[in-house]
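The same chain A turns up in both complexes below, where it pairs with chain B and then with chain C.
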Partner chain A sequence: MVSPHLQAQAVAETDRIESQAKLVREARGIDKDPVGYARRRRILFTILGFGVPILILGFWQIAAQNGWINAKFYPSPLDNLRQLRQMFDKRDFASDLGLTLKRLAWGWLWGSLSGVVFAYVLGMSRVVRAAFEPTLNALYTVPKIALLTPFLIIFGFKDKPVIILISVTVFFFVWVPTQAGVMSVSESYREAATSFGANGWQMFRHVIWPATLPGLFVTLRVAASVSVLSVIGIEFAYAPRSKGLGYVINTARQTFEPRIAYAGIFVAALIGVIFQAIVKQVGHLVVRWEKDDRGAPTV
Partner chain B sequence: MGPKIRASAVERYFGTQSDRVHALGPLDLEIEQGEFVCIVGPSGCGKSTFLRMVAGLINPSAGTVEIDAKTDQPTAMVFQDYSIYPWKKVLDNVRFGLDLAGVPKKEGNERARSYLAKLGLADREKSYPATLSGGMKQRVAIARALAVEPEILLMDEPFAALDAQMRQILQEELLALWQADQRTVLFITHSLDEAILLGDRVLVMSSRPGRIIASKKVPFPRPRRGDVRNTAEFAALQGELWDLLRHEVEAHLADIGSK
Partner chain C sequence: MRKSSPRWKALLAIALATSLLAAACGDDGGKSDTASTGTTGATAKTGATGTGATAATAATGTTKKATVAGCEKGYSDPADLSLTRAVARCSAGAPAPVPLATKTKIVIATNFKLEFNSPVAVANTLGEYAKENLEVEFVNLSYANSIPQLANGQVDVAVGGFETAMFNAGAQDIAIKVIAGNYFPPKASNYTVAQTGLWCRKDSFTTPDKPILKEIETKKWATAAGRGSSAVYYSAAEIQKRVPDFNIKKVDIQTVASTDIIAALKNKAIDCGILLDPLWTQVKDDPAFFQAATQTPGEPLGQMSFGKNLLVDKPEVGQAFLRAYIRTVNTYFAGNYHQDDKVMAEIQKWTGATAENQAVLKGLDSLTFDWEVRSGTTTRIQQLFIDLGVITTFTTPVVESKIVDRSVYEKVLGVK
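Moving on, here comes the complex of A and B:
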């Protein structure tokens, strides 16, 4: 007598064998028309990318209108938009926004530039690495926001210390992974260049730089969102001229106006999304030899 | 005039103390200007190590390798794993050595194109390597080394990763190219057939630490073609080399087994 368990297993196995026998490999959409497929995919992914947040916002709107959620604490998206317009009209929100964007852009730029320079110099030279890495590692663990106080005292109560603090934060996010990328460039790529007599600069220009470029753009995207986080965080603690997106969100707490806070958060998220998208797009334009993440072949 | 390459009592160790490996030597060797020398030997006997020394990628632990060089950059190497750059288009890969040497781009392009044409890749100059087959990538790597017109061409199992047909085609191409302008070539291979077909001389290395245990002149006249394979001398030489090598491989395996 065969136990039911074994029987079931036997059935499952014949099933598997049968379905294996039917395996067919044939041209599918992507194989028949790669270009059209790539285009359709791009359209589909764009729809998905915008559709999902729109759905969420739509659901939120309906929920708020029908009183399923407390609209006082969770104001509907349309309320938020109205709120945003009021802010632009009444309290000169545009100048808050402008100041935050300016701090953000400079902070990201200086932080990324210095991070990249340190990453390549330290990554390519053992001597420089031995000299500076321990110190930088020690600074890495310092909570950057704590530096705000000395920076304000040193650089004055203006935008400069804020920008420097964002740069310092961004610096470490860029330096650490980029240096790791530089040091992990395949030995055989380096050797090939050495065997043709490459000097340090040529090694950088022909091998290290392009080999690390795809990773660098990922890092710069992370740096973009880190700089958004930092600028808002720092403005929570101190906003020069009492202006800035973080300042607006923070004072909304004191005046108990969640609508303003939400409107501010919405704007912050939008800045992050747009900033990241720009960096990513630039990356696609520069890194032409890799397939992009939608699987579309390049050249 | 002295030899093009002279190795005197060359030794190489890897690692430190407990895990110290005696990879190569003592090795003494002379290679003449314009000679095509093939090196065979059991796996791990130090063939690549020696080639990398000639290329200047590593130094001997003891002894000297002297190169009678006319330029600062006398060698160019074809690596077993191609090591061409995915971020450079085919033409730019082939022009790489010329770029490093500061050759003007226009002239570099012309030279790179002529070698691409010789290797049958003229129509792929604008492709990225990701879109090439293995044999095409290897041809790009060969064109890259030839384009600098090196005094010494170093080839480390350049055809090992290719299928038999592609290998034969590239062997014939290499023969034709080399016979046109005889450069000094050091060619590592595991294939005795390939070594005899291409070389003026075949060096057989012992198992690790590698030393030269035999140096056989290949008697076939130049220009040579693939059909020398069908001669009795070819088979005889192949058999002779194989006996030498089998002895070494067996010794090596016995050595591993006893550990």
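Moving on, here comes the complex of A and C:
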């Protein structure tokens, strides 16, 4: 017979252990009001997204105005914006911009398309991979800008060599990660599809393609940035008709017009941001089952 | 309200006309440089050293002379643009070194390692800087990129052309000044002698056997430095001598790397291209090409600039540097130095030229090094660049005194 004292002790000990094991926490905002919480987070992220660059630009403005930095060499952001307006008004900057965007769009498109095609074909076929991968790997390491001269001579002093050079650069940035994505699709998915009697096309359509699509859009975003870098860099070295954003920046640099150079750099950055945002948004629309970068489903 | 009388209007008109006339006739040189070229229209503004010998401006008859021993002929009137001008020279070894009290290091920026700037390097290897108690460091930096460093004192000397960056810096009152010129080809403007300049494909003209030069304004040109290069200036000036209504604004000027221009010409991607030494030797004997323009005669189109350090803070160091440079020119580069094996070996060390290219160079005329800066060169080049839309930040050329400072070489040579 257990004494009442011991019984009480045992009960107390059990309660203590149970109370220790129980996870108790206050309900947080996301628990109480998930919709409101999501809205507040969106606002916070938007403020942070705009706030940080505004803060940097604000500091730059103050530094230039107060002479902490030499405004002749590092003009203030407001001066650069004024300069940008003048460039649109007086320097036919719109046509420079238009040409750069055209070269950029075609270069990105052809580079991405060819990169995707090669990635899926090489990723799904060992034979093709064995045939092409060593050559492509060798070409991957060639500095693409070094190909400008032969391309100019082969394709003429027009837009074509510039677009091809951007495409070649973008191609490798798309091909390598996308092929890796294709090859890393889980074997269990493939086996399941095979057991259902899927042929090559069905395997691609129902297994490989959806499994790699989220990664592909991340790659295409990287390719968007790479194509902006490429077009500006190539136009530094050669700009058909002496027109283009890179040409404007480089000429401004060579002629010591820092305001024009910074205005051009600002536009280049903006193109990069917008282009990436467009690709990202298209990705959200296409890959609707994938969570966005805040962890929320895109739908 | 009182109306102005016709007499007042007439007086006003006379005053205005007189001032315009005075401006048009104004001297372009020295301190009286008003930045007005006194010419009208884009095509008329590109004349370099006048338009040919007949139009060359006569000397202003300055009485200034170099007084330093051995340099009695070391100074010429900057306003003397005549083709017969004797280039300033001292005897070998002059001006004599005046060593600084303490060993001083200077930084020289240049992104060229070519013959035209080799005296800057040869002065180092042959010990001319050491005689001034100077130590030099070369940094590979373009002139435009050197401007902030010159202004901040991280670079002391920059080598470049008379280029847009320099004019824009002058317009912004940045403490940088051209203190010396560099060279001109001895046979510039002589079209019987093949040389560096603008070369064209004959088949791009309607009559390839005898190309009509006027057609050149509708052609596609290529230069390594683009529209804002002094090559465009001298090409325009030289063509205009033969085609007075030539309009450079009509020319499609492409930027193509110097070494790619030959390939572009041969592939018919361009019609004309600026071919530097020794690239033009590849086409000089090819009947498919002809030389359309040389550099303007007697007018250096390259320069060396000082920044704040040597202009303001340590002018004696700047003078020591320039003294060593001028002495190097007088000692090693005064005559036909292409036949001087010692000098050529030093040049080869600097340029890294192959034995083959060095042999080609030996067969060419030696350059005429000229440390002086001709009056009005900066104004004429600026005007062309403004007309071409290369300079956009101002519409009237910046006055020469804001860009050029001849006082450094004048002090070195004791000009009085």
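Here is the rule we go by: the second predicted complex is superposed on the first by the 271 of 299 C-alpha atoms of A that agree within 3 Å, B and C clash if a C-alpha of one lies under 4 Å from a C-alpha of the other, contacts with A are read in each partner's own complex, and residues count from 1 in each chain.
Going forward, a contact is a pair of C-beta atoms (placed from the backbone, for glycine too) under 8 Å apart; a residue touches a chain by one contact, two chains touch by 3 or more.
Model, not experiment: these values are computed from the prediction.
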item	value
Contacts of A:Trp289 with chain B and chain C, given as first, second, both or neither	first
Which superposed partner A:Tyr238 touches (first chain B, second chain C, both, neither)	second
Which superposed partner A:Phe73 touches (first chain B, second chain C, both, neither)	second
Partner chain(s) touched by A:Ala211 [first = chain B, second = chain C, both, neither]	first
Partner chain in contact with A:Ser188 - chain B first, chain C second, else both or neither	first
Touched partner set for A:Leu152, first chain B, second chain C, both or neither	second
Partner chain in contact with A:Phe256 - chain B first, chain C second, else both or neither	second
Footprint of chain B on chain A - complex, ascending	188-189, 191-198, 202, 206-207, 210-211, 213, 287-291, 298-299
Chain C residues touching chain A - in the complex, by the definition given at the top	142, 144-145, 147-148, 151-152, 163-166, 168-169, 172, 174, 220, 225-228, 252-257, 260, 263-264, 267, 269-270, 390-393
Residue ranges of chain A touching chain C (in the complex, touch as defined)	70, 72-73, 90-91, 149, 152-153, 156-157, 237-242, 247, 251, 253-257, 260
Contact set on chain B toward chain A in their complex	52, 55-57, 72-73, 75-77, 79, 81, 83-88, 96-97, 99-101, 126-128, 130-131, 148, 154
